[in-house]
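Chain IDs A, B, C, D and E follow the sequence of writing; residue 1 opens each chain.
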Amino acid sequence: MSEETPDLAPILAAEGISLRFGGVRALTDVSFAVRRGEIFSIIGPNGAGKTSMVNCISGRYRPTQGQIRFDGQDITRLGPNRRAALGIGRTFQNLALFGHMTVLDNIMVGRHHLLKSGFLRGMLYWVGGAQKEELAHRREVEEIIDFLEIQPVRKAVAGTLPYGLRKRVELARAVALKPKLILLDEPMAGMNLEEKEDMARFITDLNAEWGMTVLMIEHDMGVVMDISHRVMVLDFGRKIAEGEPDAVLAHPEVRRAYLGEDALEAEPVEA
Amino acid sequence: MDTSLLLQLTLNGLIVGMLYGVVAMSFVLIYKASQVVNFAQGEFLLVGAWVCWWFLTEWQLPFYAGFAFTLVFMMLFGLVLQVVVLRPLIGEPVISVIMATIGLGIFFQALMKWIFGVFAKPFPPIFAMEQVRVLGLEVQTVYLASLGVSLLIMAGFGWFFKASKHGLAMRATAFDQQVAQSLGVSVPKVFAMSWAISAVVSAVAGVVVGVVNGVSSALSFYGIKVFPAVILGGLDSILGAVLGGVIVGLLENWAHYIDSQWLNWGNMFQIAPFYGLVLILLIKPYGLFGTKNIERV
Amino acid sequence: QPIPIGHLMDNSGATSDVGQPYGQGVADALAWVNSRRNGVAGRPINVSGFDYGYAAPRAVSQYQSWTGRTRVVAIQGWGTADTEALVRFVTRDRIPYISGSYSAALTDAAGQSGRQGVEAAPYNFFYGPSYSDALRGMLQWAAQDWRARGQQGRPKYVHMGANHPYPNSPKAAGEALAAELGFEVLPAIQFALTPGDYTAQCLTLKNAGANYAYLGNTAGSNISVLRACQTAGVQVQFMGNVWGMDENAMKAAGTAANGVVFPVRTGAVWGGDAPGMAQVREISRVSDSAGTAYRPVHYISGICSAMLMVEAMETAAEGGGQVTGERIRDGFYARQNWVPRGFEGVCNPSTYTPQDHRGTLRVALYRASVSGDTTQGSVAELMQAGTMKIENIATIDLERRRDWLGW
Amino acid sequence: MTALTPCGDWRASYRADTTIFPTRNSRIALLLGILLLCCAPLVFGRFELSLLINIGFLGIAALGLNILVGFTGQISIGHAAFFGLGAFVSAYLHERYHVPVLLCIPLAGIFTAFIGLIFGAPAARLKGLYLAIATLAAQFILEDFFARAQWFTGGVAGRMTESPVLFGFAFDRDESYFYLTLAWVIIMFTAAANLMRSRDGRALVAVRDHYLSAEMMGINLAYYRTLSFGIASLYAGIGGALYAHYLLFASVEAFNILFSIQFLGMVIIGGLGSVMGSLMGAAFMVMLPEVTQMGADLLAGSSIDRALKLGASISFLREMVVGAAIILFLIFEPDGLARRWRLIKAYWKLYPYSH
Amino acid sequence: MSQALATPPPAARPAEDLLLEVNNIEVVYSDVILVLRGLSLAVPRGKIVALLGANGAGKSTTLKAISGLLKSEDGEITRGDIRFAGERLNGVEAHQIVRRGIFQVMEGRRIVSDMTCLENLRLGAFTRSDSAEIRRDIEMVYGYFPRLKERTGLAGYLSGGEQQMLAIGRALMARPKLILMDEPSMGLSPLLVKEVFGIIRQLNADLGITILLVEQNARMALSVASHGYVMEQGKVVLDGSAEDLANNEDVKEFYLGGHGAERKSFRNLKSYKRRKRWL
């Protein structure tokens, strides 16, 4: 569907990923690649292993088998914090904000790996450059805040925000990492139509203007179809389809397992 | 090597350890219902022992009556505590509640000293045969009786948490009070129940120790002993608590053996359980039987 | 204007079992001096009491607040750890310090013993034989007892107590004399200052086959050991520290306390009829107007050490003198074989010199005898009925050996 | 949204927005406060000064514990042991190597921090109460070590220490020691406030709030969990060293579990995760026994005393009051003094429109 | 949302058998944050009522006010009252409210993660004691969500959607008179969303359970509901029968979007719609 052909070299490549928890096979031999600059969606029924896949990429889970390469580097054994530093940011399906921190601090935590001054310089603050650095990054964080339109809640404590706003703050925090690849786990959940429209807009902007590759899990087929370049479908931990949205959604297996036969919301629209 | 001494110390460790296990169970009970670490557990023992002593010596009640009254008293004691102290703290962070139990500990420690004095007081004789011979070791009859009681209590708790509705409610309350409320569980009632049961069970241990050593404020030291025991077993496991207690008892006695035979450092008796605790935690961060935190995002 | 005095007590700490009656004795005696004798030289004594819970650091910080705020001229103290910690301070500030600790290290007033770790303690006093001397007396008695019982071979001696300055104080001295007297000295056995289950200790004690065991702790924890050892069937002659056994402890330990030997510092115990006892009873009424309380030995010792201080203060005030720390100290040196006025037959004669603060070297040994159930009835009733008795078995006068000074 | 900043408070730069004290008035108040404190020795007697000094060094140590418990969310019941370690290290350095006491204090802090790191490294694996109890074990093990290490601590009998001396001027009076303590309080509290508004401080809080997501935001969990132990020990060590050279005596007995619990009490009563709260909590814990003692002194000898035959029991009454005060405090002021303080400030700011 | 369509005063409504009435309540968090400003709504017995609104409008707060869970978040009803079957609910403890027959499915699933699915379900039936019936109902839930039966481990390890199923199942176990559902479709796959709404309809039709439904999927919600409310900033700004709402232009624009070919593509949005409306 997209004219702007993305760079074809994969930024992320997962090869033969399997993940097992005792008897539960969350993932079985899943391989896929995300190309630089695209919006890639993973869909599939509940419990199919989508979040587990994202967890494998961001390092929360270590796959029982398989290899994950990011930017040409094998990251399968890397700790989660190292992956963040390499440029993988993410949001969470069940919100995982720092509930007692202000929104601003939450986002500043995203800058963690970009800041250099450790605790000693932090304690001295004025001497040693911590202050300068803080202020420089603060400027960039404010840009993100402006972009996501959360200025009014900057100083609010994250835990008291309504659900939708928290999702947005989480997105801001992930963006603050300056990631090359951003993983979004159901970014639209719990939003009404107009909020979804805004969120979709943010995501396409992040992709097109901020140059981030996006990997997204989403159950809203309208969004998935409209904004993603390619889609992968998981079912019971296996990949059952991958390709352009239209083609994938037309796949009979997908209709059966995921959409239901009268897939209302999945109707394609004219661009 | 002196094997007969070692054997005797081992036996002693087992017996004392079972008693630690009982205290540990009452400790775990509160933890499972509210995630609160009860620093006043030792004082529960103390109150129970003093009250029983009071019934037996001042009121001259026969032991069984006095003991039964004590249990009733302790139940009320737990309930009152819950109403006065714990209920207002519902919804506060766990650490505040933990601090409150520390305050309770200080309060009752002093109160008991004030009422009953600082001197150790003996219990009147209870069993016709004060001690029996087991494998060459003279064992206080009360200890043996307590062994039976603790096994019973353990089985009861095991059933309670696995199968009964109120056990489930307790676990849910510990997990998240708001969720428990949304399911129709009365959080204050759950707390009341757990504190009352816990007070009763620790009173059993308190009376046993009191009968053996006499009652004095030092009894509350069992409250500290209980920490290595519950952690060794895993904070939320009833079986673990008992095993942890036994391990602590054994560690103490074996450490004492090693110390008395070779090292002559002294104090190994008291410190060894803590070394054991650290070692086990290094290998198993959730104790021997504790359940892992769920780490899913 | 009143004379400020500090009084450190342990009413709630590890040694409160004996600290309470002792402290009560001191407090009552001083209150009695104020009301009956019109204070010292017409000036009332203003006692500022503090329960430090047997924690030396709290005693030190209280001391600093006394010297800073109240400007006390003398202090009635208590435990070994705190007294020894304060030695340097009281020496610096010239404040006589009458302790409940009888640690021998406090007797080397001029620092002439040359022992390592023993400093001059010119302002420290106590009433009674030092821990070491009391233990020496008991060991001499034990050696006789061993022979008297016609036993064969070398008797085995063991020191028991917590790892704490107080039980440790006479340890080395005792073990040295025991070896000298022909005892076989076993490795010491530790048990805490608090009551507890000491079955393990008793099993080792039994296993090691000890014949004489010194209990260095205070009564509360000693009782636990006695009871556990009774259960374990240990056959040992226990010897208690001055603070290790008394009437309360006998009641608490029951028949387990039967036969324990311990030193008593006063010439009479409660219910005795020495000439000074009338005044003791009068003092007792300060805190017990009904006159029904039974006062254990420590209470009477407390009176004696308070009265020594009072008379030293009176000496200081003689002839319109200033009551300063220095002059109070000199008051302690003013008399020989000193018995506070009106306490004859109660307080044993003491003599202090600028070099040697060993007030007395006389050790009176008593034996506890418990013949029945002690759980019912008060101490007074049990003593009356003869269920509990304490009997003098020996009085030992030690040599004033120079090499025993400060040790 | 409700970020309670006063109106008319426009920040022209990000720099102005990151200050510790957000309004000009609060900065003036702080300066005034420090100035007033500097005058304290002129007004107060030795007793009041000694209370302030106590609040000072306890406050420093409590702040360390607050960084560990309040900011990083790791409960420690062994803080007193590290406090003691600082005290002994400082005393030992001075006596053994004749390092000037003023230098011993920071050195003791650094050394204690180092030991804290060693204890903290395995602790990084433990979570929640398991960690708390492990620190309890550390408390007992260190206490046992102190009692044994005669060469280092003077064993159970304790160890004498010296007053700090600078160019022949000895800080051996409450007046002079007060300034020394005040200086350290200012340094350590400023450092903590700075830490909290910079990278590593945020990382610590992030670890507390949600360690799993913190890790995926690039934060090295093990490092920060260990680090917070190190920082907490640094504060404990410096507090302990100040204690040792003030009391001139350090003994293992002081550094017991009860003291550790008191630290925990200070932190909770002051307010978890509040820098100034630590100082308030320390003040509360120092003043509480003094106040109850005063009450006891008033009672002693009074008719109530005689009627109830309190006598020696007054000390138990005092302890009961301490225990009860802690409980009442938690019930009626669960978020700590720091929050009450904020509310009072907010009240005055909004007065008379308090809603 | 435009204020053009103000709420009709409650008195003007036709007399119905109202199970739940919320009259003009005001809710304040932490004594300072005013969230609901005079909200009124009514739920007729045996009906499904949908409650729509933007993020932060106060929908969840409304539900928590009804179920009494507000208290545990430091929230308070400062004005107005809530009546359930004619009885005032203000000040009644949350667990008592459950016993009276109101069960809330909380936002964010909130299952007890260190218990198994089965234990979670049994907990749902905490207020009941008819064990045979309970066992039947467990089977019923398993019938609706067969996945739950397969997952024997701890509930905390379930996937997001599976947890959502469990949360709904738990509500069914309580057999309440009124279920307050906070975004039941969140995180469910399209297939399951349909299924869940089927279940909701079925519960209502077969068991006569009244449902107050907070839902972002407005189309679905209005398709099962008989009546709907739209909230904005703590007030009801629009209410009416489900059809009326579904045909309202504003609702269409903000909540429903177009249908089929009318639908605008998410990719072609060239401007942000919302402008700090939650301020």
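The rule is short, and it goes like this: a residue touches a chain if its C-beta (ideal position, glycine included) is under 8 Å from a C-beta of that chain, and two chains touch if they have at least 3 such contacts.
Heads up on the chains, UniProt names are A, E = ABC transporter ATP-binding protein; B, D = Branched-chain amino acid ABC transporter permease.
Keep in mind the model is a prediction, meaning the values are calculated, not measured.
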Partner chains that chain C and chain D have in common: B
Of A-B and B-C, whichever chain pair has more C-beta contact pairs: B-C
Farthest-lying chain, centroid of Cα atoms versus that of chain E: C
Centroid comparison with chain B (C-alpha atoms), farthest chain: A
Distance between the centres, which are taken as Cα means, of chain E and chain C, whole angstrom: 76
Chain centre separation (chain B, chain E; CA means) in Å: 45
Chain A-chain E separation of Cα centroids, rounded to whole Å: 28
Chain B residues counted as touching two or more neighbouring chains: 110, 113, 267, 270, 295, 297
Set of chain A residues in contact with two or more other chains: 51, 60, 92-94, 96, 152
Chain C, residues touching no fewer than two other chains: 11-12, 20, 163
Residues on chain B engaged by chain D in the complex (per definition of touch): 31, 35, 37, 39, 85, 88-89, 92-93, 95-97, 99-100, 102-111, 113-114, 224, 227-228, 230-231, 235, 265, 267, 270-271, 274-275, 277-278, 281-282, 285-287, 290, 293, 295, 297
Footprint of chain C on chain B - complex, ascending: 2, 4-5, 8-9, 12-13, 16, 57, 110, 113, 118-125, 130-131, 137-138, 140, 209, 212-214, 216, 218-219, 221, 252-253, 256-257, 260, 264, 266-267, 269-270
Chain D to chain A touching residues, read off their complex: 1-3, 5, 14-15, 17-18, 191-192, 194-195, 197-203, 205-206, 208-210, 212-221, 227, 231, 273
Chain B-facing residues of chain D, complex: 69, 75, 122, 125-130, 132-134, 136-138, 140-141, 144, 147-148, 212-213, 216, 257, 261, 264-265, 268-269, 272, 313, 316-320, 322-327, 330-331, 334
Of all residues in chain A, those that touch chain B in their complex: 51, 55, 60, 92-94, 96
